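Below: the structure, in structure tokens.
Labels for the chains are A, B, C, D, E, F, G and H, by order of writing; each one numbers its residues from 1.
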Amino acid sequence: MKDAFSKYASYLNDLNDKRERVVKASRDITMNSKKVIFQVHRMGKHNKEQVLEKAEKDLAVVMNQYMSRLVKELQGTDFWKLRRAYSPGVQEYVEAVTLCNFCKTGSLLNLDEINASLRPLSDPSTEPLQINVPDYLLGIADLTGELMRLAIGRISGGELEFAQKICRFVREIYRELTLIAPIMDDSWDMKTKMDTMLQSVMKIENACFSVHVRGSEFPGSEDANFSLLGGLEIE
Amino acid sequence: LNLERQFEEFRHQLDDSGNLRERIRSIALEIESATRLMQSSLLLIHQSGPIPEVLEKAKGQIGVLKELYNKLAEIILECPGQYYRYHGDWRSETQTVVSLLAFMHWLETEGLLLHAEAEEKLGLKSSEFGLDTEDYLIGICFMSNDLPRYVVNRVTAGDYDCPRKVLKFLTDLHAAFRMLNLRNDFLRKKFDGMKYDLRRVEEVYYDVKIRGLATTGNTTGEQGDGGQS
Amino acid sequence: LNLERQFEEFRHQLDDSGNLRERIRSIALEIESATRLMQSSLLLIHQSGPIPEVLEKAKGQIGVLKELYNKLAEIILECPGQYYRYHGDWRSETQTVVSLLAFMHWLETEGLLLHAEAEEKLGLKSSEFGLDTEDYLIGICFMSNDLPRYVVNRVTAGDYDCPRKVLKFLTDLHAAFRMLNLRNDFLRKKFDGMKYDLRRVEEVYYDVKIRGLATTGNTTGEQGDGGQS
Amino acid sequence: LNLERQFEEFRHQLDDSGNLRERIRSIALEIESATRLMQSSLLLIHQSGPIPEVLEKAKGQIGVLKELYNKLAEIILECPGQYYRYHGDWRSETQTVVSLLAFMHWLETEGLLLHAEAEEKLGLKSSEFGLDTEDYLIGICFMSNDLPRYVVNRVTAGDYDCPRKVLKFLTDLHAAFRMLNLRNDFLRKKFDGMKYDLRRVEEVYYDVKIRGLATTGNTTGEQGDGGQS
Amino acid sequence: MKDAFSKYASYLNDLNDKRERVVKASRDITMNSKKVIFQVHRMGKHNKEQVLEKAEKDLAVVMNQYMSRLVKELQGTDFWKLRRAYSPGVQEYVEAVTLCNFCKTGSLLNLDEINASLRPLSDPSTEPLQINVPDYLLGIADLTGELMRLAIGRISGGELEFAQKICRFVREIYRELTLIAPIMDDSWDMKTKMDTMLQSVMKIENACFSVHVRGSEFPGSEDANFSLLGGLEIE
Amino acid sequence: LNLERQFEEFRHQLDDSGNLRERIRSIALEIESATRLMQSSLLLIHQSGPIPEVLEKAKGQIGVLKELYNKLAEIILECPGQYYRYHGDWRSETQTVVSLLAFMHWLETEGLLLHAEAEEKLGLKSSEFGLDTEDYLIGICFMSNDLPRYVVNRVTAGDYDCPRKVLKFLTDLHAAFRMLNLRNDFLRKKFDGMKYDLRRVEEVYYDVKIRGLATTGNTTGEQGDGGQS
Amino acid sequence: LNLERQFEEFRHQLDDSGNLRERIRSIALEIESATRLMQSSLLLIHQSGPIPEVLEKAKGQIGVLKELYNKLAEIILECPGQYYRYHGDWRSETQTVVSLLAFMHWLETEGLLLHAEAEEKLGLKSSEFGLDTEDYLIGICFMSNDLPRYVVNRVTAGDYDCPRKVLKFLTDLHAAFRMLNLRNDFLRKKFDGMKYDLRRVEEVYYDVKIRGLATTGNTTGEQGDGGQS
Amino acid sequence: LNLERQFEEFRHQLDDSGNLRERIRSIALEIESATRLMQSSLLLIHQSGPIPEVLEKAKGQIGVLKELYNKLAEIILECPGQYYRYHGDWRSETQTVVSLLAFMHWLETEGLLLHAEAEEKLGLKSSEFGLDTEDYLIGICFMSNDLPRYVVNRVTAGDYDCPRKVLKFLTDLHAAFRMLNLRNDFLRKKFDGMKYDLRRVEEVYYDVKIRGLATTGNTTGEQGDGGQS
């Protein structure tokens, strides 16, 4: 019995150590991805380029320093076996990278594109880590919350059109996820996220509504098309 | 032994009712799936998609639903008197179905989809398998929950007359519901929520009106001569 | 045995008090039902129904309520000193009654229905069975919750002087409430909510004022000569 | 209007079903009250009161229960096909009734009260209004929960043969239940608890046996030739 | 409006002040009654009289110092109006006084007796505070928990008969309350207490069972009828 | 014996720590009460009371608070190192205190009350008993929540320069908060709310600006001579 | 659109994986059902059924299980690398299987069924589809939970040597488990429970020993020459 | 600016306190791990391992623990006055440590490990970082929970004097605890459990006594020469 159990013990030790390292990497990814997201929110009308540049630089660090650690740990069956250990980090990374990408390009970064960017990190001889569909989707769900914050902020910043763009984009994601959420691997998480997402959509819509009716009151005025805060910033 | 014979019989009973429930659940899942497609199409309404086209696509699922409810009815007829035993297995799905049908109906007619009309649309009228009244009413409450969002987005899209129309509808609906003696249950809770929808639509109408955006002409007229009676 | 005899007696006592409670509950239900009718009539005010007519209809229920409270008083007099044992069984209904009476009173007089006036309207003044002060105050808070909606709908209907009047009333009421030392209880929570009503009415007044819709002349005057005294 | 007419009709429907429910609830309360008297009498069994006398007194309530179930049956027959709509209003009371009847039956016969026997005792056999199988089974589980306490107190009172008898009964019952395919519901949870009752009775039997208190003679014999089959 | 509200304000101030005082008195009663209960549990085989004497002295202090404060505050309708403010204290007092009484006399102190003992505390011109039936019953419910602790302790102390007496007594109370609990003013509290009470009954029964089977194993032995701990205490 | 002596000491310790908590709670209640008075005075600001006078009255409570915090500090110093053991007992009261002080400070200086300044005002600087950073930050968020209402009421009262000033302050404050990497806790949630305050103030600023009311020059003048009374 | 195409593809993928899961669940249900039969047979061991016969009957299901695991393996091989994606759908069933196999193995050999032996019995050794180590360990813990009951019932039936044997096995097993570094997870919780099994078996052994029922001779000897190695 | 500088500092503070908590958690994990090793060694006591040797091995971890508590103390000293801010992060681990130390102490001295002695063993005495009294008391309760098992196993192994000694200790300990006026919290609940430990030890003592096994003379001898090996 003792021999068998020392075998089990070393199996469990290896597994637990690896899991520990993966959890640690995941937490680092989370923390640093969150910092990237905070950074994106520091975006104003006139510092867009600088802020995004810094965010992308930080994101590159997350990728090279922390995601790469994760990639090195994970092989084959680990992708699903240790999913719970790294899922939070990966979701937050998806959130950060898609947020940056949307701010730059106005479109959704695909899972394939993200996975392609991970490939160089891994030893070419081994199977590369591929983010799975559920983690990607859970990350996208959180993305919509950040986009909501961004939209409210951009309306403050006078960028109404950008806010409207976010509104359309988030609505589209919500619509697509309506069909996908119930067939996901563990749909429970996603269900609560869908509720939050609808709240976010409506917060953006209400903000757009508010700006719209205010603007419509003075259709002739030149100011009406301008930002509210724009005025302040000029002063 | 008696004891053994009894439990043997129970085993058959439980297995049978388990199978039945299985079949019901599987149809309920299909109903849910069809509903979701309908819902997804209808969401385009908030994007200011052209209403007739949006409706056209959503209506595509009605046939599917009708068929599914037909199957459900057949199963239930196998065990007469037990409708309410299994009712819980499809009721929440049915409430959603009603809410969507009623919303589509309003978009077309600006009127309420009646209970009998809902039954007809789902092919339930003839059979012994009808649409439970409370499910219908809860579905209507669900529809009401969607109206504020609809109004907000219509105004943003420049349709300044929408708040008035929705407000009229919702006021009448709310008044009709008030006449019911509701128990302290889920329906009551849902109905209590309807007053927030009403208030929100009033606020939107206010926002539009105070800025002179509502097409004031005929509105005031209508309101002046007595309101929503 | 001693022990058995005592518990036997308790059982009788508790059965009696259970029966009493039953009778009280049944009257409370009738009160609720009368209140509902009153509320239904009053709702027309939000649809710009003509105030006097609306009030007339709502007042019709006051007599009914008076009678019901009379019956309640009679029951309570059967068990002197136990008013507060059964109080929980009619208090929430009574709070609603107060809120409706106070709203009607404001519509007529633009003033607050006082505690003594409320008691009088319900015929409670003379008897040992009075209107609990906290219930009165909670009822007043409930009334306050309805005012923002009222103001919004009045402005929509073109009555631009309403916000000023309501704001004046609500500011005074809020200030008066602040004189009370409230414990951390339900009344306190309700009063805490009043500040949102106040804020909303301020916003509506702001909307009206900034657009020059308020009849500015006398408003400033009024505010100028003393404010919320 | 259509809308108004529809809601008028709903009002009637809801009022009717409300009244029905009211009547059912009131009978259910009476059932509960009769059950409690029965239960209170039966509690004396733990005081080592003489079993026949204790049973005699408890049986006094069976007639009362029979009558109440009769009334219930009459009400339910008014609305055919809706047994399961209102079932929730009396099921937990009925489960307790079954558990008490089954316990009394065991005390008299050392055998299980069968489903049909339970129906007969409550006068439910003839009518369309039967005893739901799951309620019966849950009631049996409840009875099982009371057995460990009974065994403990019997042994303390010097009856060293009781554990063996109860153990035999519970082992058979448990084995019979195991044959059922239970869903993941309340019944399943209750049945899962039965194994703890079984284990506790085994332990009591063990405590008695290891000290040589059990009347070892025939027990070992019985066990030796194959157990409880 | 101001005048009316100053009337309401002074009404509320008076009421709240009184309630505050009543709550305070109730908490003092609770604290000190709990101490009495702790004191009773310090009872052993040989110090019974002293311990109970001390407990009764403490109880007299609770009565004269704290209950009397409560009695002075409450009048007529207050008994029910402020019930929630003083109920915890009164329940705990009932628990303490009935526990002491049971230890001394072996029987249940009636509500009438307790109420009679309160009468001297109040001004003869006013209606005296009478503990109401629900508070008394809720106190009795808690009493059974303390009796359980006592029974287990007494078995340890070798007083098996005393434990058996407690067992019969608690069973009897449980049986009576079975009929009364569901018709009480606020039966919710009582329902959970009934469950706890049944647990207590069974704990005592199991302890008695355990002693009984042990004793039955050596029916001839003289020791069998003696305490377990008795032996230790002699040593 | 050692053992007995040790438990004797424990008894004292446990009793003492119970008393300590009692004393802390009672001071926290007094703080709450003083805060309420301060808040009451400050509310007049919304009714265009003259700012200096309003401030004067509100400041009257600062001394009281200082004294209370002093007492708290003394108690806490009795048990060195245990600040955070009891912190939960006064933190929510302190957050409100900070929000009021910060609002008053802004009214006087149009700048943010710094952490060190808040500590100084409450006499906490010297002692070991400081103002917890998170409590300070939460208090600042609370203050932000009151600014939209203030702005709306000032504009109603004719002070058209107020929105610009508040907007500038709130924009800076929001930007500063954005520099923090907050965890997902209560503070984060409060900060998330700040963006709605910002937006509301912007809207008012827009309303004023688009109507040409915000004539920057003379507004400062208006404020100087006492507000809209 | 790009976005739409991606989500479309996800939908297909997820549908496929849903179907796969459906098939897995259905096999898992069959495994559960076979396990239940096995368990039923084994229960007779507690009623002192003759061990070899009981085992014979229980073993009959091993073949069935082997086949079912084979089918499972085939399904999983369709989607390489995703074993752990679906693992949750059969793991609890598998843990029960392991616990029963291990118990049967102990009855035959008084030794522990090793991981490799369990895999072999289920025909899992060769394929890529193995028995997860943690599932194996949890299954072993489950088996340990049944041992106290077994010991109690064996002693009741007069087998006084059983406690010693089980105690030896359980002590060794417990010591072996302690070599593992467990995380704070389900396995850890189950293992923490093992100490109660051990304690109970120790108590039974104590009962037997103190009464001189255990065949003391060789026990001390065994313990003397090295203990739990 | 002041404002910016302040928030810059806050950012550092928030980041620092996050790091601190991280470091504390990691040491708490190491403490847990060392405790587990200690516990593992001590378990051999139940298998009649020779006490001195077992203790020797277990004591090996005390040094490790001392060092870890030293590190913890250093971290806490970095932020004076914040002991109780982070206390929750190591308290449950510390309670286990106390329970093990106290058990080992009893094995050596048959007396209670005092609070001050526990602090000394962990090197906490000198520093500002002490052992919380409640943690100590809870740890002692945990130790009490292990004593019944110990007694049972010692008797099985032939040490018939052990029950008397443990009973004496536990009686004194229980009496001492009874002197405390505990609040209704976790500690109270743990203490309530102690009476069951006491009873179980009494039962074993009775078992031994009634069989005339407890010959007080030579037992001490047996313990002296190394136990039952």
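Rule of thumb we're sticking to: contacts are C-beta pairs under 8 Å (C-beta built on N, C-alpha and C of every residue); 3 or more make two chains touch, one makes a residue touch a chain.
On a predicted model such as this, the values are computed, not experimentally measured, just so you know.
Using the contact threshold fixed earlier, the set of chains in contact with both subunit E and subunit F is C, H.
Comparing mean CA positions across the assembly, the chain most remote from subunit C is G.
Looking at A-B and C-E, the interface holding more C-beta pairs in contact is that of C-E. If you average the Cα atoms of subunit E and of subunit G, the two centres end up 50 Å apart. Separation between the centroids of subunit G and subunit H, computed from CA atoms only, is 34 Å. Between the CA-based centres of subunit A and subunit F the separation comes to 35 Å, rounded to the whole angstrom. Residue positions of subunit G with contacts to 2 or more other chains are absent. The set of subunit E residues that touch two or more partner chains comprises 179, 210, 214, 217. Every pair of chains in contact is given here: A-B, A-F, A-G, B-C, B-D, C-E, C-F, D-E, D-G, E-H, F-H, G-H.
Put simply, subunit A touches subunit G in their complex at residues 1-2, 4-9, 11-13, 16, 19, 76-77, 79-81, 83, 107-108, 110-112, 127, 133, 137, 172-173, 176-177, 179-180, 183-185. For subunit F in complex with subunit A, the residues that touch the partner chain are 164, 167-168, 171, 175, 178-179, 181, 192, 195-196, 198-199, 202-203, 205-207, 209-210.
Taken together, the subunit A residues at the contact with subunit F in this complex read 34-35, 38, 41-42, 149, 152-153, 155-156, 207, 210, 214, 217-218, 221, 223-224, 228-229, 231-232, 235. Residues 40, 43, 46-49, 149, 152-153, 155-157, 204, 207-208, 211, 213, 228-229 of subunit F are the ones touching subunit C in the complex. Contacts from subunit E toward subunit D in the complex involve residues 168, 171, 174-175, 178-179, 182, 202, 205-206, 208-210, 212-214, 216-217.
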